[in-house]
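Order of writing sets the chain letters: A, B, C and D. Residues in each chain are counted from 1.
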Amino acid sequence: MSFNTFGRLLRFTTWGESHGPALGAVVDGCPPGLAIDESLIQPFLDKRRPGQSKFTTQRQEPDQVRILSGTFADESGVCRTTGTPISLMIENTDQRSKDYGEIAQAYRPGHADYAYDAKYGLRDYRGGGRSSARETAARVAAGAVARLVIPEVTITAWVSEIGGDAIDPDNFDAAEIGNNPFFCPDAQAAARWEKIVDEARLAGSSIGAVVECEASGVPAGWGAPLYAKLDSELAAAMMSINAVKGVEIGDGFHAARLTGEQNADAMRPAGDDHDGPLFLANHAGGIAGGISTGQPVRLRVAFKPTSSILTPVESINRSGEATQVRTKGRHDPCVGIRGVPVVEAMMALVLADQKLLQRGQCG
Amino acid sequence: MSFNTFGRLLRFTTWGESHGPALGAVVDGCPPGLAIDESLIQPFLDKRRPGQSKFTTQRQEPDQVRILSGTFADESGVCRTTGTPISLMIENTDQRSKDYGEIAQAYRPGHADYAYDAKYGLRDYRGGGRSSARETAARVAAGAVARLVIPEVTITAWVSEIGGDAIDPDNFDAAEIGNNPFFCPDAQAAARWEKIVDEARLAGSSIGAVVECEASGVPAGWGAPLYAKLDSELAAAMMSINAVKGVEIGDGFHAARLTGEQNADAMRPAGDDHDGPLFLANHAGGIAGGISTGQPVRLRVAFKPTSSILTPVESINRSGEATQVRTKGRHDPCVGIRGVPVVEAMMALVLADQKLLQRGQCG
Amino acid sequence: MSFNTFGRLLRFTTWGESHGPALGAVVDGCPPGLAIDESLIQPFLDKRRPGQSKFTTQRQEPDQVRILSGTFADESGVCRTTGTPISLMIENTDQRSKDYGEIAQAYRPGHADYAYDAKYGLRDYRGGGRSSARETAARVAAGAVARLVIPEVTITAWVSEIGGDAIDPDNFDAAEIGNNPFFCPDAQAAARWEKIVDEARLAGSSIGAVVECEASGVPAGWGAPLYAKLDSELAAAMMSINAVKGVEIGDGFHAARLTGEQNADAMRPAGDDHDGPLFLANHAGGIAGGISTGQPVRLRVAFKPTSSILTPVESINRSGEATQVRTKGRHDPCVGIRGVPVVEAMMALVLADQKLLQRGQCG
Amino acid sequence: MSFNTFGRLLRFTTWGESHGPALGAVVDGCPPGLAIDESLIQPFLDKRRPGQSKFTTQRQEPDQVRILSGTFADESGVCRTTGTPISLMIENTDQRSKDYGEIAQAYRPGHADYAYDAKYGLRDYRGGGRSSARETAARVAAGAVARLVIPEVTITAWVSEIGGDAIDPDNFDAAEIGNNPFFCPDAQAAARWEKIVDEARLAGSSIGAVVECEASGVPAGWGAPLYAKLDSELAAAMMSINAVKGVEIGDGFHAARLTGEQNADAMRPAGDDHDGPLFLANHAGGIAGGISTGQPVRLRVAFKPTSSILTPVESINRSGEATQVRTKGRHDPCVGIRGVPVVEAMMALVLADQKLLQRGQCG
């Protein structure tokens, strides 16, 4: 079954393949009256855009977004959301379908090829079709709309580990994130990663990465007790991103190694220097019982290495015969890097949805 | 917003608090004609039932399930599902509400108390109310129904780590899982854990755990490309369980440390000794591009230590004043242990749903 | 596919068959803090309860509702909703399954028997199983909860036509509705209907009816432009009631005979004697473009005659052979009468849901 | 709350305003492998297209549809659905926004203007924005895709009544429907309607209409017992069409005037001249207990007269002051006529969805 819609009150539906004429998203349920135009969306797409350094795919895509519906200029000329569906379209321009002839018949190990064929009986193999990382452009555009719904929230993501080499928490400097092609908050790690990623690129190989994300300004009370726990909504959102295979909220797997005493996020009364209760720790990642606590919401996401590598790998073709596959074409040596704006977008989409849900149920 | 329904075609809705008269689940969308009666559900509840060893909460609950609707005895007297909603009820019997007087006013650090109050403005504090781990009994009952939908699938979960002490993969013996109170497949680890958990119990402390789950027999083709990726559905399901803070599909975070060559699950043609293609590895946990590959579906789930501990922790009360909280009552020293049947139930519910979805869309 | 859940933010799920041990509803998404107990629900069930006059089925059911979850007594002892799912259960007591032996094999014309068998391959034939009008008891209980969410709205339904004999609008007197067993607002019509329904009853026949419903106090702005138009939500809700085959909003089919001039609901400014704009007519039934206008929301619902009649009708049995069927058992000669509280309940459920949705999206 | 998605497994989302750059639909969940291209969709849009006779709006729109995603040419060059979302776009070309200056401030009685402002606080008044009948072009395109899913079903709609003047059932001739600009199956009625509609047009007035629709070839077993009754799904679908205020399944309101004997659809065994059971009547419109019976599914839909009329009507402006409104611009004198392909499209979308649901749940 295909489900290309995500969200409960603020919902978005994405469509489009890597090598079709365009891709896009329809954002439904957005509150009315929010100032919006393409200039508020484009910067996020630019951040995700390929071809900006040698560390990402060399495919050249301007990724210009167009708003096709759902907005209207008020008397003072300010374009605002009307509460009706916002259709966002991004045209594909740099498609080289000829690169993909070989994989029409063979299954690339680690890719979705075999599974798609097993499910649908056919697949659009050009650039991975719907399974291409290009789909995330539509998410990033939708996420930019979601950010308008939650101006009180600040969302920041970064890469904290590439190929097993992690940042040093003591070196964390948010201002550094925009200074290097890796969204790395640790200048020393960024320098090391340059070499690591370049080696992978030159070898026609690929490497994995971990992306972390923090949302501050989330008030206490968003989320739900069980089947729409904020942890659960975020995990679903993050796991829906291509190449993601793990999600941790707060301490995640590390919490499984703690005692109750170590893991308790103690509280103190509101004081002169802070509103609301003061938490003395945030092991829970800002979510208790599925509901936000007012602390920063924190999570970690594992991106596997892309399966598009130049090294031949044993595989089979559509007839079930043995073959070897090496993936030509232009690919990201470390797809986790461009995952940063995507993780931010999904965080924004989940939180905006939760804000509306909380307002709906609890007034 | 509360959402107590999970699933798309096979949906279940749970209700009930720890200290109310009963709790239950309504399973909707179950295919007709499946042989069913309480005896097919009760064994799974018995597996989860508290009070069976000193390593779990001493609350005594028979957890007898009753089927209130959705079944009918055919001419030969076999009780079968009719395709209409199956209502399952479990009465609460061992409630000691007096244990909870103290926490009516104070917020237990790490618990949902503060977040519930922030969200709803009030909360049922008896035994954690809706946030009690007792809710998982309803899931386990629903999961037993889901298993009837997927007889081709075998689901097994176990504890692989407690308090940071992991099993030795070389000692893995599935037959061992039922031989100890920890669902531990490694007899040596089970012996060590006895001491670890007992120490935590005697100290009034708690410890975390990791649960792993494998589903074999899942055919290739279940799942969906993006927003209902099988990874995403499973992550949402697992993260909806109380105390879960991390989910990994296949290699999970470990995959972020691999190269594309290391992570590739190579394939070979069907052979004399196996149907379908042979995968030479399963880093992907049986899911590629969000769709099952025919390999075993594998995942890992992190349970934090419960926050109910006897050590006093700094906190605040409902008036925002400083206080200290220690949680009396009967609690699990390691809630991850009883998480095993719950993880299995959620796996069954997700897979059964996906089977119906696949049949619906792809025929 | 079975879908036994209705609603978007305020959702309810019903379960249970006519001859099972019980039936019930789970109401999810109800706002927290509303004063609630069984005494606020029971009166609506009493209104629907069978066996109260000779004009409805003689089945005797006390229809006592129990609240099993989702409420909690606050410090002052007032029981309030907690925002978690409210489980409502009604036990079946007067079941005479032996009455149904004959129809186990034969299909009652006009009933769901044949269609259920075609869909599911089996059916619970006792009392119609899930297709029994008893299911509406669960809706009425859920509707009573929904009314708590919309105290600003007053909902009144009545029977306006039985067996083709309509009330005289000039005789409409809301105070009369509770004075006769037909929920008839026209005392003269009520007198005529006594004879009409009694004749049908004595002949073992049945007759159809039209129920009308008005909700006043609905503010302007509830509903949505297209696929969740308030008209559409209400139509789906009403058509989901057993025996309903037609729904009109406002003038309904009559509007198809008007000109634009005749159908226009002109407006005048707010005046001394009224808030908001004054509408000079309400052809639209209080809904324009799918959104409430602040006028009373009005609709009409057609109930067919029940198919349970004593006259033998040509039919077939499960083997496809010719047979004749007459339905013994205790049935409503005019099921539309007891439809009145059901129509009110569905109106309440839709409007309460829309209130939450409007608050969620538009603040 | 805006909900612009309809359907459960086969879902479509529409977007776009009357005077924006384009409008469209995303069809999700369509089974893979169906032959498709624009030429299979365009004829349905052409049928709905405005400006084809003097009896519909004079707006000139080519309504050319483009498929932007979800299809792929197989080896033999046949374009097929891939199971991924199908994005359909129709560009707007003939927009005269200047016609709408006057209604920016005044509320047109009977229109959605006042209700939109009450809901959203602002509105796109150009051509009615999202409430324009142009939105139905997106439905018709989506409906053409849905027809591919149900080749076994034949759907035909027609106008059966205009301005209160009904066809004579004895004159019904399906072949006649395409022979006149009214989709009228009665040649004599068509002749009368020419005069009726022309008078309304010349007077700057508008008139209502009734559309009927029949789907033959629907097998027994589609639909569901209660909250997704086939009646309920169809009613919701039809009531979501602009200007629709009433829906009847089968005999509809007429059934409320029948006795159980008159209303019973008797059955006979399968015979030489027919498959399956023979029903001797179809009062139920092919749906019993919410589930299809194998008979033709029949329904009737009431379209009110459009509120866009040249006669001035009393109204108020956004400041709440009295004004008079007459709607200039190009409008349909009888919007029900162009409702015919829209009703067919919604019928196709509901039935295709139900086919997939039935296959999913009941195999």
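Heads up, the rule we're going with is that a residue touches a chain if its C-beta (ideal position, glycine included) is under 8 Å from a C-beta of that chain, and two chains touch if they have at least 3 such contacts.
Computed from a prediction, not measured in an experiment: that's the story for all the values here.
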Chain centres computed over CA atoms; the one at greatest distance from chain D is chain B
Give me the rotation angle that lays the C-alpha atoms of chain A onto its copy chain B, rounded to the nearest 5 degrees. 180
Which integer distance in Å separates the CA centroid of chain C from that of chain D? 26
Where chain B and chain C are represented by their mean Cα positions, the distance between them in whole Å: 38
Chain centres from averaged Cα atoms put chain A and chain C apart, in whole Å, by 45
Mark out which residues of chain D touch at least two other chains, giving numbers and ranges. 1-5, 9, 14, 29, 32, 83-84, 119-121, 130, 225, 357, 360-362
Listed in rising order, chain A residues that touch chain D in their complex are 1-5, 9, 11, 13-17, 20-24, 26, 28-29, 32-33, 66, 68-70, 72, 74, 80, 82-87, 119-124, 129-130
Hey, which residues of chain D end up touching chain C in the complex? 1-6, 8-9, 14, 107, 109-116, 118-121, 130-131, 135, 161, 163-164, 200, 205-210, 219-229, 231-240, 242, 244-253, 255-270, 277, 280, 283-285, 287-294, 300, 302-309, 311, 313-316, 320-322, 336, 354, 357-358, 360-362
Touching chain A in the complex, chain C uses residues 9, 29, 31-32, 83-84, 225, 356-357, 359-363
